[in-house]
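Structures given as C-alpha cells follow.
Two complexes follow with chain A in common, the first pairing it with chain B and the second with chain C.
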Partner chain A sequence: MAQANLLSPPSQIPPPVALQLSQKAPPILAAPPTSSLPWPLSLLFTRETPESWAIHENLFLASIRTGDDASARQILDRLTARFGEDNERIVTMHGIYEEALAKDDKALERIFEAYEKILRDDPTNFGVRKRRVAVLKSLGRTADAITALTVLVENSPIDAEAWAELSELYAGVGAWGQAIFSMEEVLLIMPNSWSAHAQVATLHYLSSPTSLPALSLALRHFARSVELNEYYLRGYYGLKLVAEKLIPLLSDSSSSNAKRNTDDDDVPPPNLASVKKLDELATSKLAEIVRQYGSGKKGWTGFDEAEVIAARELLDRK
Partner chain B sequence: MPFLGTALNTAGLLFLTHAVYSTHEHTATFAHTPLPLDITIELLVSILILSAGIVVSSPQLKPIQWAKWAGKIQRGGRHSEGKWTREGEEVLSEGDPYAFLGLDGGIGGKGEGRRGFWDVRGKRKEYAHWAKTGGKQ
Partner chain C sequence: MAQPVVQTIHRDPALFWWILLPITVVMILTGILRHYAMILLQNAPKKLALPQIRQQRALVRGINLRANANVLSPTSFQARKAYMVSAYQEGKFLADPESRGKPRPNPMSDPATMEGMMGMMKGNMAMMIPQTLIMGWINAFFSGFVIMKLPFPLTPQFKSMLQSGVGTRDLDVRWVSSLSWYFLTLFGLQPVYNFILGSNNSANQVTQQMAMANPGAGLMGPEQDPDKLFLNEAENLEVLEHRWILDGVEDRLVAKLTS
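Let's turn to the complex of A and B:
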C-alpha cells in the first residue's frame, strides 16, 4: 500500500505515515458531508455516508497525533454537531482531545477526575472507562491501571480488546501467569483468531524459555495459529524457534521420560518425530514466504518487511 | 474477463428482448396458433447466454476454508477495489479481522490496535520527537 488511507488506516502508523494522513485534513475540512439545507430537504440532499464519519474519526486521531490541534478541534466540532454531545464516542473523543492538550501530569489528573465524574453519571460508558485506564497508564501508574482493567473485565467479560490490553499490561510487569490467563480469555471469545494464538504461544515461550512444559504449550499454540492461517509468518517463525529449542530437550529427556510425565500435570510433551516434522514444515514455509516476497510477485506483497527480514535471518542462522 | 461478461450479457439481453417481442407480435396476429419453434429456441439460447454472462462477470469467489482465506489476506495485504469515497479515500479489500486486538506487534508492539486504549500522549511525543530530529526514523 503506497498511499496512507484514512478509511482503513494501516496496522502500524510511524510518524511519516501519520504526517501523510493528517495532511489530508484541509480538503476534507473544506467540504462538510452534511447538507446545509433546512430540515426536510437536508434528508434528501445529504452526501454523508457511514464512511465519511469513519474517515473523520481517523483524521481526528491523525491530526491529534501530529499536533494539528486546530484541525482536530474543527473535526470534533463537526462530529459533535452531527451526533450530539452525549454520544458515548463523542464524549470519549472529547476526552482524547483534552488529554492531548494536557501540559503536565497535574492537568492529566484533572482529566482523570472529570472521567470519574462522567462515570458517576453513567457507569456504562465503556469508552470513558477505557480512557481512564489509558490515562492511568500514561501517568505511569501501571498497578492502578491493572486494577481498573480487572474491574472493567469483571463487568464486561466478553470485551476481547480489554482482555488483550490487560494481558499486555501484565506482561509488561512480568506477571506471565496472569498475562497468559488474560490472553486465554481472548481465545475463549475469539477462538479463530490466529494472532491471539500466536500471542499466547509467545507468552508461554517468554515465561520460561527453557522449560519443557512451557515450550510444549508454545508449540501447540503456534501450531494452531498456522493451522488457522496458512501464511502466518509470525506463527511459522515461532514454530521454528520453539521446535529448535525443543528438539535437544526432547532427545535429552527421552531416557528419563517416565519420570518427567509424573511432574508435568496436564500436557504430555510432544513426540520428537512430530516436532522435527513441524520444524521442517516451518522452514519450508518461511523459505517460500521469503522467496516470494523477495521476488515481489503480485499477491505476496502483504507481509511486513521487518518480519520477512527477521525470518530470513532465522533461516540463515544454521 | 470483464469485457467477455459484458458482451455476453448484452447479447443475451438483446436476444431475450427480441424473443419476447416476437412472441407478443405473434400472439397479437395469430391468436390461436402455436408459437413457432425459432422463437422458443431464441428464448432458451438467450437465457443460456445471459446466465453464462452473469456467472462470468461475477466477482471472484472467496476461499471457503478459513486457513486459505486468512492466508490470502496475510500474504496479499489490502489492495484497492477500484472504488473511492467522496473524500477521495480508496476503498480497500478486507483486512485482518483481528487487527483491532493489536497483537501483531507482539508484546510491547507499536501497532494501532486497541483503539479504546489509544495512548494519545505517547503517540504525540513520538511524532514530536521525529519532527524535531529532522524527520528521520
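Let's turn to the complex of A and C:
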C-alpha cells in the first residue's frame, strides 16, 4: 500500500493508517508555519503555504480519531488563530472536537443545541449541518437525522456525501426505494464511481433478494462496477452472489413464463448464458485474488483483508 | 571585407548604479507593494443566502442529470426527468418566486453588483496609480538616457520598443533607453514576483487583465435570469435521448474479461 501522507490522505483510512498519520503530529506541532516575528518581518519569514493548512486539518482529524486530543487541541488553536473563530470550517472543526470529547448523551445534546444556534445565525454553513446530522445519528435519533439530511439535500442537491449518508440511513431503516434513489443521486454526481455502482447494486439486491427485476439490476450494476475497475473485489463478490441467485430464476422463467417479464418491464432480464459466463468469470477472478493475496505477491496486497476472507468463504461455500 | 562599424558609446558607470538599478528595484518593490495592497483591498466574496445556493445547486443538479443520465435505468430516469422538468417549469427552485416573469432590475440599482464593480475599480486604481507615478518619475528624472547595451544583435523593428524617449535615427538597436527599460521591467517581472510572492500573486497587472477578460464565467451571473436558465434546462432535459449504459453490460464484460 502506498505510504499515506497527510496532504492527500486516502478517502478511506483504516485504523493502522490513521494511527500512523496521527503519529506525525509532534514534528508538525513543533514547527508552526506562521512566523513568530513582528509584523513586517513575519511576512518575509513565513513558511506558510496552503498545503501546510491542509496538512493541519488532516492531522487534526487523524488525532481526533486516534484519541490524541491534546494534539488535536493544539492544532485547532493554531488553525483558529490563523483563520479566526467565525470561519465556517473552523466552526465545524470545533464541533468535531467537542463531539469527540463528549462523554455521554447529555453532552451531545448540548452540542446539538449549539449547532442549532449556529445554524439559526448562518443557515448556509453546510459543514455544521452535516455535523448536526452526525450528532443526531450518534444520539440514535435516526428519523430526525433523515429529516435533517433531506433538508440538506433539498438545499444542496449536488452533495454526494450527503446523498450517500442519506442512502445509508434509509437502508438502515429498511426504506429500500428511498435508499436506492439517494444512491442513484450519488451516481449522477459521480458517474464513474465503481463503489457507488456496487452500492446501488447491493441495495437492489438487499431490497428484494428473490425478485428477478431487482436481481438483474443488481447484476448489471455490479457488472458496471467491475467494468470500471477490473480489480474490484466487492464487484466480483456481488457478481457471483447475484449470478448464483439469478441462474435458477432465469432457467425457471425461460421455461415457463419467459414472455411475461419482458412485457411488463422495461428492463429485459439478462440472458442465461451470459449470466452463467459471468458467474464463472467472477469465480475465477475471486479465486485468483484470494490466491495472490494469500501468497502476499507484490501488487496484490492492497485488498481489504476482511473482504478477501469473505470472498474465500463465498468460494468455499459450495 | 568591411566589418560593420560597431558603435561604441562610452557610458558613465554611474548610469548603472543610479538609473538601471533604481528603476529595477523600484519596479520590483511596487509590484510587491501592489500585491499586498490588493490583498488589503480585496473584500471577502459575499456569502450567498440559502435560497440562492439552493437555486444554483438545483440547476447544477439538472445539468448533472442531463450529463450523466446514462447511469440510470430507464424507469428511474423518466421519473427524475418528469420531476425535474415540472419543478423547473413551476419555478420551484427559484430563490425569489415573486419576481418571476418580471424584467430584471437595473444592475446599477443592485447593491451587490455595485460592490463588485467597486472591487474591480479598486483593483484598477491599484494598478493605474503606481504606474502613472513611476512613469512620471522616470520621465522627469531619467528621460533620454541610454543605459545599457544588449549583448545580442536585433533587427531595427525593435527600435521603437527599446529606444523610446531617445530620438536618434542611427543609434544601434542594441542600446536601451531608460524609459524602455521601465517598460521591459513592467511586463517582464512576473517570474520575479512568482519567485518572491508565490505563484498566485496579484503583483503584475498583465495577469490581472487576463483574469478580468472573462469575469462572469460563473454559472449564474447576476445579469442572467435564473428562471430563463431553469426553463432552458427543462427543455434540454425534455429532448434528451436516454441511453442506458448498463444495457448489455454483462455481454460487454464477458467479452472484455475473456479476451
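Things to note:
Quick note on the criterion: the second predicted complex is superposed on the first by the 273 of 318 C-alpha atoms of A that agree within 3 Å, B and C clash if a C-alpha of one lies under 4 Å from a C-alpha of the other, contacts with A are read in each partner's own complex, and residues count from 1 in each chain.
In this text, contacts are C-beta pairs under 8 Å (C-beta built on N, C-alpha and C of every residue); 3 or more make two chains touch, one makes a residue touch a chain.
Because the structure is predicted, anything quoted here is derived from the model rather than measured.
In the superposition on chain A, contact of A:G140 is made with neither chain B nor chain C. In the superposed model, A:K285 lies in contact with chain C only, and not with chain B.
Once the two complexes are overlaid on the shared chain, A:G296 sits clear of chain B and of chain C alike. When the two complexes are overlaid on their common chain A, residue A:L188 makes contact with chain C while staying clear of chain B.
By the touch criterion defined above, A:L219 lies against chain C but remains apart from chain B after alignment on the C-alpha atoms of chain A.
By the touch criterion defined above, A:I28 reaches chain B but does not reach chain C. By the touch criterion defined above, A:G127 lies against chain B but remains apart from chain C after alignment on the C-alpha atoms of chain A. In the overlay built on the shared chain, the residue A:N155 is in contact with chain C alone; chain B does not reach it. Contacts of A:P248 after superposition on the shared chain: neither chain B nor chain C is touched. Between chain B and chain C, it is B that contacts the larger number of residues in chain A.
On chain A, the patch touched by chain B and the patch touched by chain C overlap at residues 49, 227, 230. Only residues 66-68, 70-79, 85-92, 95-96, 98-108, 110-124, 126-128, 130-131, 135, 137 of chain B touch chain A when the two sit together in their complex.
Within the complex formed with chain C, the residues of chain A that make contact are 43, 49, 122-124, 154-158, 181, 184, 187-189, 191, 197, 217, 219-221, 223-224, 226-227, 230, 266-267, 270, 274-275, 277-278, 281, 285. Every residue of chain A that touches chain B in the complex is listed here, in rising order: 1, 3, 5-16, 18-19, 24, 27-28, 31, 33, 47, 49, 51-52, 55, 61, 64-67, 96, 99-100, 102, 108, 126-127, 130-131, 133-134, 137-138, 160-162, 164-165, 168, 171-172, 186, 190, 192-196, 198-199, 202-203, 206, 227-234, 289, 292, 299-303.
Residue ranges on chain C touching chain A, taken from their complex, read 36, 47-50, 53-54, 57-58, 60-61, 64-65, 67-76, 198, 245-246, 249-254, 256-258.
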